[in-house]
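Look for subunit A in each of the two complexes below; its partner is subunit B in the first and subunit C in the second.
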Partner chain A sequence: MTALDRVDAPLKVSGSAPYPSDFTLPDQVHAVLVQSTVAAGRISAIDTTAALAAPGVLAVITHENAPPLADLPMTPLGAPPRFPFKDDRIIHCGQHVAVVVAGTHEQAASAARLVQVSYETAKPVLDLDDPRAEVVDNGWGMEVDVGDAEAALSSAEITYEETFDIAPEANNPLGLFTTLASWDSDRLTVHDCSQWPIMTRQALATAFGLPESDVRVLVPYLGGGFGAGLRAWSHTLLAALAARVVGRPVKLVLTRPQMFTSVGHRARSRQRLRLGMTGAGRLVAIDQESTAALGAEEDNFSAVVLGTPHAYDCPNVATHDRQVRLNIPNPGFMRAPGHAEGNFALESALDELSYRVGIDPVELRLRNFAEVHPQSGLPWSSNALRECLQVGAERFGWRDRSPVPRSTRDGNWLVGYGMAGVTFGWYAAPCRARLSILASGTAVLKAAATDIGTGTYTIAAQQVAELLGLRVDQVRVEIGDSDLPPAPQSGGSGLAVALTGAIQVAAANLLRALLDEVAADARSPLRGRRLDEVTASDGRLHLIDDPAVGEKYADVLARHGLDELTADGELDLAAAAADAGVAPAGAFAARFAEVRVDEDLGLLRVTRLLSVVDGGRILNEKTARSQIIGGTVMGIGMAMFEEVAFDHATGRVANATFGDYLIPVNADVPDLDVVFVGGPDAFSPTGVKGLGEVGVVGVPAAIANAVYHATGRRIRSLPITIDQLM
Partner chain B sequence: MRGFEYVRATDVGSAVALVSGDPGASYLAGGTTQLDLMLKDAVVPQGLLVDIGRLPLRGIATDGDVLRVGALTTMEELAADPVVAERVPFVSEALLAGASTQLRNMATIGGNLLQRTRCRYFRDIAVTDCNKRTPGSGCAAVTGAARMHAILGASAHCIALHASDLCVPLRALDAEVRVEGAAGQRTIAFADLHVMPGERPDVETVLRHGEMISEVLVPLLPAGTRSGYLKVRDRVSYEFALTSAAAALSIEDGVITLARLALGGVGTVPWRATEAERVLVGAPATARTFLAAAEAAIQDPFTVPGTEFKVELAKRTIVRVLRTVSGEQS
Partner chain C sequence: MSDALRQTPELVTLTVNGSVHQVQLDSRTTLLDALRDHLELSGTKKGCDQGACGACTVLLDGKRIVSCLVLAAQCEGREVTTVEGVTVDGRPHAVQEAFCRHDALQCGYCTPGQVMSAISLLAEGRAGSDDEIREFMSGNLCRCGAYPNIVAAIREVAGQEATSR
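Presenting the complex of A and B:
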């Protein structure tokens, strides 16, 4: 495991990495959004007179005068968000109803307050239990029904049934989402906070009736996304629309409050979980039903129960996935969507059962370890969950705890240990990468991937350097541009696997091309050699058996008069998975938490948190660790602080600021211990598994379980707050 | 675009004259609240801003048993003052429990006393029902997502919290504020400065338009009196109080001879627990006394579903701070 500093770190710490909001174009003007103040109904009138008369205002665009856009296409991650300027209907508070374009941002913001919108209001549907709400059952076809869960539950020695509630959370990347759109006749260029340039390009091309080749989406750097950048949100379309209307480049930067209503959130969810278990602690039945909020007239992937069926060895499993359409801003993806929620219920329940059957919580997980993939019966491509649990218990000092709840006290504080197991899903999407060797002997990698802060630049450079025998500083990585070879989204913990795999294919193709180039070159010591006879180091290709026989890339290119030699690599792991004979695995983990609870005052403090993670081959221990640490902090937020407070009557977000919406501050986060276990994954061509999301999962359950151990109180709703604990 | 005018005042008299003579004018000191309210959230109208930041109203002096604190002294400066640390440590504790270092280096003591509520219904102009902003329009917070709201001095007209930490010990100490106005100087008892909302939540203090706090007079505690500030909140730092309590006690032979107790996080104004003090003085410094004081402190609370827990939490906060200040090992 290497622990290389980020290759883009100097740019970032010196403030010179260009994020979307850092770009300024000649003649650029500014757009500010006007939002609905009601949650349901229709716009009866919009008076833009005063706004239009305000200084510097160039245009006020509403549903009444907006040029029509075509419907957005379906994406591999589901239906696109509804475009709000299609008609006069209001489906949530905060819906974009007008965009004001002016010479300066301040002029646009000031004029936006002068737009007078009148509404014909309807009573909004805001509650999961509202009988008026439209219910979507199994909207993603991901429900599982194996064996006979009902029968197994009715005959199980021990049964369990509880309900879990999780508050809605906002992604809140620090970088405010920005779109800078400019037109050059019928060609559109957009700087955008997208985690998926190819999807954004397709959406814009379809909306404006352009060939995709006439749309370019740029996002060299992104100030965080956490899933918020995986959809073609309306502000992106509106910026492009505004630029078209005024004929000048338009920059639109969402405000922090607008981030709560414009780019998705983790949907509120409620789960009913039933388990059946033997007295020896073996699971015999799992029946998990989730009900999650969904925007009215929207579709959104939030299969809360998706991780459960393959988490443990259990013969009878049924999952049910319901969504309820409400007049709320459209939820979206938020780091580890579904997994984070489903794991909280399952791992809390296993903890409860461990006390009932009198088996240590770690041991209970080990007894239910799935030796093979529970549904397919195929061997895992990798699975070090057992090692995660064992190494974690040892390192944390799990055995030192007094197993009896409420048995450890330190002054006003009750002390408790809790843990959770984690099985993350596997996801893959096709990826291409283009690799070139230049005359200088250095390499360039190109792909339309993004680095959302996770370290894509760094691991891509490392991978190229390793395969071509170069130093990392001899590799230039060009990503974040939809004109480059198509790559999947940074999301679903699939990019690292797909991109490093595609780089591996590209590197092989490139070296093959190089050998072809010298096949008949009498001056090349490598003439007539095959790919499997050679390897690369120190900027040269040489025989594996005799490193003295070989030559530098630069020499080959110079002799053959080439500026560069280029090859593409393509990888489609999802297609390959069908007959791989193994069950491709995502990451596994175990989390161990120590908490302190002051019961009088309801105070909860996390004092230790250990993550043991099987992420396959770890390309870069430093960036990998950072992913787990960041995810863990987000997990602490989910467990203890984060809740988007929707006003019960109006559906307005009542805490849309960083002062009011609580995320952990440094003082809330103890030193986070991270350990990697396991080895290279057998199915992933590079042995790598995704790590971007697993860091969140299991943290809430480990903390809630520790709270139980400390206090004897079981908290089944997140966040765990003072009023629940006092 | 609606503009605003900005003037940097050169002396107290002209600053007072400028603001007094213009109904739309207001003072700008540290700016940590006023700029948000005017320019970002637009919940107060834009008008003339008279920047008093460079007036000679900054500094701390001891005058017998009173600390004279210039209104432009920053929160961080007052928190670090050695006399404060020695004679009224709960003032320092309250200051350091508030905001962040960056904000405390900007925000002034005078401004802290006059800070506006953090109620998100007040601070969002998309909300039309706010008696504090528009008298007679109603209160959306009462039926809304309330949590950081008041339970004492509150009513269906308004549950907006006075969120200052500093004001809690100042209220306990019976501080005074020196005020400059067009009609001259006057001194206002801290107890009289803030006005309960009643049916006019828009009226928050007794200050007349144009009056400026120039100095805060903080009585020092007698030697041997112990004090403490306890702030209860969800996260460890950078959050307003759910509940807080400032207490000062003198105890002789196990009997309480002096008691000062004020509460934060619960009142529409900084809240003095006078009834609780009555219970404490002359009583033995025991857990039973502290519990009785806590019961006496929270009377006739006005709660909504999101704030019901504060009744019990405030009592427990009082008990805890009294236990700590009395020296009971906790």
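Presenting the complex of A and C:
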């Protein structure tokens, strides 16, 4: 059961899973965006005459003629994205400046090239060190200051200080973000690439002054998001606006180049890390400061150093989180935001220190293992980091390596092993789920959650089947629709925990409702029974002690003349965490990498990569493993390939295509070994921990550390490129 | 306005999955857009529209191509096979079944293209080793990173074919 094939796989392999761009509505027309070619200044003139006269064109919307929209609400992730059609100002290259709507996509695309925009340009702020840049200090209140890091550093036996640089990366989900918007008088329906239908609904309702109940956001399938679908980006609003203006459904599909500037990215970051250590390899001080890019006039919840304070046992910790506003498209969330970057610095530094103190890198992490949560002093709800490290070292053959850098060769290749420890964060948001048993005896689950490739459909169906004693094919899962009971985003590695927890509550409520139904039913063998006396299997509810005493759901519903029996379950884990007496834990992991570097050519290949992960209870080994290998591949991209090249003078993205911006291809990825350790988490009601992001974290450090072991070169900037290895 | 903008629709005859269709198309319409927007075959996906991702892979006269780089009008008189056309007597193709078993997909957006590419790769005799599979599947990007499972799925089908030969 736990390695069940993904329930939506047959739809996906046959091309019949409907993504937002696959929907077509009668009378639908097409919108294409025109984007700014300068990074700062204002639009001095915008001439749409030629575009309006082009065949098939229905409207050209600009800041000059756009109907006004209300300001979007604050979100738990900060201020909403700036809406660009409010005025004539340009704050980044690629800012949307016009929407052309025409009968066909070809007509719209062709007319979009006829829109003439003139700019009064200003000198853009593009560099983290530009003195003109506005700096936001500790914008999220996530800085930590415990003990006295400064004093501990000055008295430490061994001190370390280095700087780490990470290039901006683009999420680049393969599915081009699409909005198909249609109005039915004052009701708005959008198919949208949202990882958070409830948030998108709220944004649209606010913008257009509608009650939320008159807005519906649909996303049954999403062609990936990796965090890009967590904001109400302006193209979504513009598609809805265009549909209102032309009075017909409008489909807007971003182009691949537009994906680089319209839906966020991993911010460029620079970190200064200082560590103090004893000669015996115990951390006595951590001081980590990050400076990350932010869009002008924008917010972005991304604290690079957020994972460090609880990664290891260390009495003196200070973190600093700075963001610098630049004339670039606003960054956003990209899988494991903050954690991926912060871990690269910390785990690279520990590797460096392992050589200085002469302690094996695995042993060094074990010596600094945090038995309890370092800041709260509370016991972890689960923490198998030690097991991750030990199992990993054993399985990888870590002890066979000669620790001396440049000591292992295979022909022209220098071979290196590297590893990293990973402590992910914990996150949970309130969730509701609605569970019904139908007259046929089958079940339906409804929640406004999404499956962005993570396996939500599958694990939800498995869990309902288990709790109600049904086969998985007797469970229908309905998600991806904002009309369903509110669920949190696919993001922050919090959905699986929240949703499975809410399903568990709903299932208990449903079975209780069933027992209430038969409480006075003389024909029911379950009359007068309590929830704790029964269990479900084979489509029937029966006594735990005497399985013969029970009856089928279908029989109860038929006898009572019910089409369905429904119950909701609600869970707010964040609220429960406050006085739980434990520190709720996210996932832990250890990564082990083997690389080969061609000394003459600087070629770098990853030849083995092992992930040992504590993800709590694993509901489905297949989809869980896929989450880890997927994150690992993205980590390989971060380590070796990915860099959004903002032109230093113009702020233009110089490599906004898949031909120029490299992501890992099949031939870049070796077989990936994944092992799960640990057991059910004690705080998560279902024992589950989130796995969506931890797969990325630690991969860059493990690879960089392996590169050092292979070559003796310490690389502290990502991506690691050939020129650094020659 | 230049003449290039005055596009009169043309009648194009396309043979897709064995059926003949006559469609009025703008001469700029790519095969990909013709399939998706005019023939209601949305199984073939658009990931870049620039020939760089492989999401739009279909077979043209039995060979894999990226359908975003071919104009629909160029396909007259030729056989187009899309993911909707690879089932055998209503049963999924062996490659599709292997993709399900090996979880060779996550979001599933690249999957139709991967499946078509894999079918073609097997026909080309390019599935002789894992390295060969990796190399000749590298035109199909998967941002979800399902690559190891894609290789496992193809390896399995290639093995079955090898033993049944």
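Please note the rule applied: the second predicted complex is superposed on the first by the 725 of 726 C-alpha atoms of A that agree within 3 Å, B and C clash if a C-alpha of one lies under 4 Å from a C-alpha of the other, contacts with A are read in each partner's own complex, and residues count from 1 in each chain.
Rule of thumb we're sticking to: a residue touches a chain if its C-beta (ideal position, glycine included) is under 8 Å from a C-beta of that chain, and two chains touch if they have at least 3 such contacts.
None of the values given here were measured: they were computed from a predicted structure.
In the superposed model, A:Cys193 lies in contact with neither subunit B nor subunit C. Judged by the touch definition given at the top, the superposed model places A:Asn412 against subunit B, while subunit C stays out of reach.
In the superposed pair of complexes, A:Phe641 makes contact with subunit B only, with no contact to subunit C. Contacts of A:Leu33 after superposition on the shared chain: neither subunit B nor subunit C is touched. Contacts of A:Gly659 after superposition: both subunit B and subunit C are touched. In the superposed model, A:Leu601 lies in contact with subunit B only, and not with subunit C. With both structures placed on the common chain, the touch criterion links A:Leu672 to subunit C but leaves subunit B unconnected. After overlaying the two complexes on the shared chain, residue contacts for A:Ser110 are found with subunit B and with subunit C alike.
In the superposition on chain A, A:Ala649 makes contact with subunit B only, not with subunit C. More subunit A residues lie in contact with C than with the other chain of the pair subunit B and subunit C.
Comparing which residues of subunit A touch subunit B with which touch subunit C, the overlap comprises 54-55, 106-107, 110, 657, 659, 664-668. Across the complex, subunit C meets subunit A through its residues 1, 5-7, 26, 28-29, 33, 36-37, 40-50, 52-53, 55, 82-84, 87, 92, 96-97, 99-101, 103, 105-112, 115, 130-131, 133-135, 137-151.
Partner subunit C is touched in their complex by these residues of subunit A: 5-6, 8-19, 21-22, 24, 50, 53-55, 104-107, 110, 172-176, 221-224, 226, 253, 255-256, 452-455, 622-623, 625-627, 629-634, 657-659, 663-672. Of all residues in subunit B, those touching subunit A in their complex are 1-2, 42, 118, 120-121, 124-128, 140, 143-145, 147-148, 232, 234-239, 242, 309, 312-313, 316-317, 319-320, 330. Considering their complex, residues 35, 37, 54-56, 106-107, 110-111, 113, 257, 411-412, 600-603, 605, 640-641, 645-650, 652, 654-657, 659-660, 662, 664-668, 721-723, 726 of subunit A touch subunit B.
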